[in-house]
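Input: one structure, supplied below.
Which chain is which? They are A, B and C, in the order written, and residues in each are numbered from 1.
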Amino acid sequence: MHHQATLQFATSGRGTRSITQAVAGVVATSGVRTGLVHLFAQHTSCALVITENADSDVRRDLETVLARLAPDGDPAYRHDTEGPDDMAAHARTVISGESLTVPIGGGRLLLGTWQGLYLWEHRTQPQQRSVVVTILGE
Amino acid sequence: MHHQATLQFATSGRGTRSITQAVAGVVATSGVRTGLVHLFAQHTSCALVITENADSDVRRDLETVLARLAPDGDPAYRHDTEGPDDMAAHARTVISGESLTVPIGGGRLLLGTWQGLYLWEHRTQPQQRSVVVTILGE
Amino acid sequence: MHHQATLQFATSGRGTRSITQAVAGVVATSGVRTGLVHLFAQHTSCALVITENADSDVRRDLETVLARLAPDGDPAYRHDTEGPDDMAAHARTVISGESLTVPIGGGRLLLGTWQGLYLWEHRTQPQQRSVVVTILGE
């Protein structure tokens, strides 16, 4: 048994937005009781991550950490076609990951209490992002 | 065909512990000959990683590298509710990843010779950790 | 429905090589129309990543970023059995990831326009690398 859908998100520039409810909706629609849901951002400059859903300072601090690992406008970058955040966004995406896989049990996402699913926009300007949701199971 | 189980691990604080044998046991029980096993830590401050299973210095050095990328007690962090390792553990988890997917062939994990599966505790104190194991295949 | 194959790649030392066409070929052979393809490098010193397929400077700059996060020959490393790139390669692999999962729809890889699949050799010398391709779906 399988189910596939594409979710569209309009981001407001760099930062995270919760996609937990949107994904839970696709899982409910699928009718799959036990299996896996895979999320795939069809882009090379935004990521999908799981982190704490309670204190928003966590996501703010993740921004701080990642901005150090791959700074905007680094003079060492050769690729800067679309501005100082261009290459940084590609590097941030490789570090943070463009896809997630989450177990489904009892027809629901088997997330821990404090886990939320987030789309992390790495470009500084707003973007349209497509996330392919694929569900396999029974 | 699918199989799902939850493994419980008591960690002894920051560091890695092998979970290869525990996961291999679930794969053997499942009866799946060809497919995928997915491991998912239901937490935002520990990770699941694959690295060398021979020289334990590798895991020690990974600790050194990750401690630099997301240091404990960094003054730039806003989130420190549970101490100096709190935010560092969240950042380390995003960098190292809360989930793994490994192929199954011939009824066994298709790991390379030097690959081991590890639960990497990122908090400094001991924790109870739940790992959901989901197997899909035939 | 499932399909499994192992692809062999000879790398020419540190750097990326495209594996998109090779993987697309396995997907076409499988006959799976909707599902997931999982790629798994059976090694602890090379990675599988998705990044921009247009300007090769992006992959060059990723090299620059990763070389900073886990430098060769760092005096803090204890593990250096196989030379100054040995431990760096293990750390780079944990940061960049040994596996990828990509959705399949309409019998094809559902990649975004600018996404390419790359094998990223993290050792400085040429290596033989095995990538297990597992396809689940219908």
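In the analysis below, a contact is a pair of C-beta atoms (placed from the backbone, for glycine too) under 8 Å apart; a residue touches a chain by one contact, two chains touch by 3 or more.
Quick caveat: nothing in here was measured; it's all calculated off a predicted structure.
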{"item": "Fitting chain B to chain C on CA atoms, where both chains share a sequence, rotation angle to nearest 5 degrees", "value": "120"}
{"item": "Numbering shared by both copies at the chain B-chain A contact, with half separating same from different", "value": "different"}
{"item": "Chain A and chain B: spacing of chain centres that average the CA atoms, whole Å", "value": "20"}
{"item": "Sequence positions of chain C contacting 2 or more other chains", "value": "69, 95, 97, 101, 136"}
{"item": "Residue ranges of chain C touching chain B (in the complex, touch as defined)", "value": "2, 4, 38, 40-44, 69-70, 76-79, 81, 87, 90-91, 93-95, 97-99, 101, 130, 132, 134, 136"}
{"item": "Chain C - residues contacting chain A, complex", "value": "34-36, 49-52, 55, 57-58, 60-62, 64-65, 69, 95-97, 100-105, 110-115, 136-138"}
